[in-house]
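Per-chain residue numbering starts at 1, and chain names A, B, C and D are given in the order in which the chains are listed.
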Amino acid sequence: MIKNIGVLTSGGDSPGMNAAARAVVRTVLYEGGKVWGIYDGYRGLLDEKMEELTSRSVADILQRGGTFLGTARCKRFMTPEGRMEAYENMKKRGIEGLVVIGGDGSLRGASKLSAETGVPIVGLPGTIDNDVWGTDYTIGCDTAANTIIDAINKLRDTASAHSRIAVVEVMGRRCGWLATLAGIAGGAEVVLIPEREFDLDDVCANLVKSYENGRRYSLVVVAEGVGSGIDIGKYIEEKTQMDVRVSVLGHIQRGGSPTVQDRVKASQLGEKAALALMAGQTDVVFGFNKGKVVAINLHDAITNKKPLDPEYIELADMLV
Amino acid sequence: MIKNIGVLTSGGDSPGMNAAARAVVRTVLYEGGKVWGIYDGYRGLLDEKMEELTSRSVADILQRGGTFLGTARCKRFMTPEGRMEAYENMKKRGIEGLVVIGGDGSLRGASKLSAETGVPIVGLPGTIDNDVWGTDYTIGCDTAANTIIDAINKLRDTASAHSRIAVVEVMGRRCGWLATLAGIAGGAEVVLIPEREFDLDDVCANLVKSYENGRRYSLVVVAEGVGSGIDIGKYIEEKTQMDVRVSVLGHIQRGGSPTVQDRVKASQLGEKAALALMAGQTDVVFGFNKGKVVAINLHDAITNKKPLDPEYIELADMLV
Amino acid sequence: MIKNIGVLTSGGDSPGMNAAARAVVRTVLYEGGKVWGIYDGYRGLLDEKMEELTSRSVADILQRGGTFLGTARCKRFMTPEGRMEAYENMKKRGIEGLVVIGGDGSLRGASKLSAETGVPIVGLPGTIDNDVWGTDYTIGCDTAANTIIDAINKLRDTASAHSRIAVVEVMGRRCGWLATLAGIAGGAEVVLIPEREFDLDDVCANLVKSYENGRRYSLVVVAEGVGSGIDIGKYIEEKTQMDVRVSVLGHIQRGGSPTVQDRVKASQLGEKAALALMAGQTDVVFGFNKGKVVAINLHDAITNKKPLDPEYIELADMLV
Amino acid sequence: MIKNIGVLTSGGDSPGMNAAARAVVRTVLYEGGKVWGIYDGYRGLLDEKMEELTSRSVADILQRGGTFLGTARCKRFMTPEGRMEAYENMKKRGIEGLVVIGGDGSLRGASKLSAETGVPIVGLPGTIDNDVWGTDYTIGCDTAANTIIDAINKLRDTASAHSRIAVVEVMGRRCGWLATLAGIAGGAEVVLIPEREFDLDDVCANLVKSYENGRRYSLVVVAEGVGSGIDIGKYIEEKTQMDVRVSVLGHIQRGGSPTVQDRVKASQLGEKAALALMAGQTDVVFGFNKGKVVAINLHDAITNKKPLDPEYIELADMLV
């Protein structure tokens, strides 16, 4: 049984990472192990920025956005020499295994470290984009969706006053999950996502038609992956000759106190990750499938692309 | 195929009822049917307060708490004569089937109406308590949990300043789901729920012990079903000789703009309910199981008691 | 004494306009008068979209963003003929005076209508920009500032994780009030406003210097009047070679349930406006000065430019 | 000129205390002085829990509720011997003056310390109750009022659904400011405050009358100083035979991220306090009067009782 583990967060931070790390720490301690906090992601392994944590170290972080462990890019870790050095720094402290909380890229790094050094690693999907294969849920996606909806609620308030088109650019470079969910929950008339082709001229024609049919206000949600919200807004304005206003939410979507879902699910994942790693499991990512925590093969998680459930897209279309 | 259906909300309102009703309305219209809004629950059937709805009737309600259809108690509907009269009023307008959105009691009424008159009825679980058998989710439970957590976030802010015990009374007469979830998500030291016996003197002793171990602040979540938060707070104060402050959230938990979860899941349920009823299904409740929308037998839903998943209770205990 | 008055909202809507209109309505009724709601701003006067309101007409709007009266642009009203027609439509209904809630442009229109037709008009400053001369406060400015701060709170959460520059573009075409207040309240390192010249290269140099001095994260607030946040962000990124992320809040700043300040102050202003108009006053704008409601000469209000109090700018600079 | 000052927070914490302390620290440093953070209020002076602060010590606290300096009761400080000991501990470190942020009781303690030891002291009014004489504003009162209104917003959502009376107990032992403001901003039908006598039977009679006049829902705001919300709710329920639901907000009102007002005004006060103390002023409290920062005589502030502006009460009555 592994008794001495490290935990780090890597890549873009997401709300709930703190809840996950707290659950890892407290589970390891509860089971009689030792746990190290590694700061600034993989860079902390190389710069030897790590320290043993107590139960108190993770008090009062459950409700905070961001990650108390920090996260940073680390070019050196991208080389085999860097990863070997990271491993040596772990060994020096007796750290026998690692929980890595992060998105696609971070899990890829974890996979290499494990393959090259044999150190056991368990991953947790920490990203607001909900784009990790094998899991219905990633840490932070619920908070981000609610942040978007809070913004859309505010945009709707001005709806009763003006005949306008509001364009909102949301995150999602390769994945339209946030945009689609926001579309359903926000009653958007148009949702533009990377997973579905569209013709902007058709979109404009439909917006004009709805306006002529009596709709006072239209909401267009744009996933950043399909282009700049500002540019798309300008195009629509010229084409439709209607007033268009654009909001670009940006990194606001990454912050905020996590929702109940993100706190509870991140806690469940953190607990399972700690238990699994201590029991000797490696190269798995814990996620949710059919409502339950499941272990996903790490290699599968990083090589497959998660599709967007078409039911959501259809629902968004039908309810407008 | 049933083409003419009515929709009503009944019992205590919950955030997301509007999203569900909107989805029912728009799905029926999309499928070429007619849909009636029945006001103030079953009372509207008796008082003939109902009207045909258009797509526009449900514009701008997705984001609102409460229910635009209203809800009320109705003693007359509790008698067979009342239910027969309700049926006659439906028939007069050609209403062939009913979607009922509400909690346990409301679904029981629906079951009787269907049994006595043969009118097809599909139910949706609308209650913040998440206590309907057969479904992991009820409309409004996510918003209510987040409202509680928002309150607990604020209580925690004063944590760093005072050595105090904060007691929060939350909803849940027979069910500790909200209290348990709030306990996990809020990092509560103590969660008192109807599903688990406890000795208040032991609770007090543990609170004193944690304080002596250096904990500056303790949070106690009380489900209303185990007693008055005010009384429990007084007892703890006398027994521990520590400062205790009590908050009783009350109906605040029923309000608020619904979360993304409650909007999206309520929309999914509303769509399925409308499709099923139009296709001739009856005496089913739609809910979520293993992450998917499922049809639950109405009779089973109202006769079985939903247990609280012990995993949640254990997680709450372990992470404190 | 004037007994029959109309109320309209004009220009961009702002949170608290509903509270102001409600106070006008209820005060007029309380004083025994009649009150007309005029829809879609001045356009409603021309299209004869107006109706008598009761106390119940303004129930349940106090907490809503936007304006239940609507607002719209109206080119016809910009001509003397249009204004005369508006006046005739008022006379037809016996409307003897008007409360106009809106920004600079709307108050200018009011002034012309009053000058040309002799109809008594009282204005209320409704704009989030807080840029109306003679008053420390305009309806909606507190809610907008809090909306910005809520966004900045979320951006700060990611602060502990990344070494980054966050640029936020806020409203304010000619006025840096919102940006400056957000700068103080959000702890921004840089505030770029139209009232103060700046050299973007100096700004970049300072950002690099702070980073070298150990600051992990910098926040730059940009009033839209000084240029596009997106473009400024790109410039900073190229110049400093640091990671820059941009958020453009846009019309989100116009929405949301009004804060206590905006509800209470808008109510106070609405009450005073109604009383003054009924008592025969005209060509005044009610605002706040030295903490009290004051009447400002309408002509002065629309011809003078309100300066930004330099104390705020200095405070923002000193506290960073 | 005084160059070496201490800052402490005392009594109940309030949102914005951190902003005030941050402004004190940064202003003193900006002016070339030294500044000490004293922890847990006066107790820190006796237990010698204090340390020199840097600009970085107060980074990332502007947006947090509570007080990073802590606050606690201290019986020993209530004796002349205790205060002399506190003074000796200050002298040991060269601390020449003190900024005390707190409510009535804390300012009284400050006055005694200054009188007995001659140490210069400047006070800041930190309390959500807005009950310090001589100032229109106390640190935290705006956040607390908005927290109450957020709760009332949620209660109103259920308004359209049920015919009910909602009772909300808010803070204010001797002062009805929060209750009155919440009454205006929340559209409460009844506001019960210590400053105004009332007959609960009359209140009940009026509630019944409104219900008979078509009001579906009434909101009753109760300042804790007039009695328990729970008891008053029970009385109303029995007397009116209507459904009554009670919420007791409790310490929730003390928490939460401060509003823009509370951050900006607390920052302004902190700056002025630091400058005044360094310039040798003593026995003053800084507050706001007529929209500007003013110095109030400390003795006057603690011996006079601040009245509630009757205009607010009248406005609440008129707009319902």
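Here is the rule we use: a contact is a pair of C-beta atoms (placed from the backbone, for glycine too) under 8 Å apart; a residue touches a chain by one contact, two chains touch by 3 or more.
Worth saying up front: this structure is predicted, and the values here are computed from it rather than measured.
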Mind listing the chains that sit against chain A and also against chain D?
B, C
Of all chains, the one whose CA centroid lies most distant from that of chain D is A
Chain-centre distance (mean CA atoms) for chain B and chain C, in whole Å, is 39
What's the distance between the Cα centroids of chain C and chain D, rounded to whole Å?
28
Here the gap between chain A and chain C, centre to centre from mean Cα coordinates and rounded to Å, is 36
Which positions in chain D are in touch with at least two other chains?
153, 156, 159-160
Which category does the touching pattern between chains fall into here: line, ring, star, complete, or other?
ring
So which chains actually touch one another? I want all the pairs, not just one.
A-B, A-C, B-D, C-D
Give the list of chain D residues in touch with chain B in this complex.
9, 13, 15, 64-68, 70-72, 147, 151, 153-164, 166, 228, 230, 245-256
Please give the residue numbers of chain C that touch chain D in the complex, ascending.
22-23, 26-27, 30, 56, 60, 62-63, 136, 142, 145-146, 149, 152-153, 156, 159-160, 181-182, 184-187, 214, 257, 259-261, 263-264, 267-268, 271, 288-292, 311-312, 315, 318-319
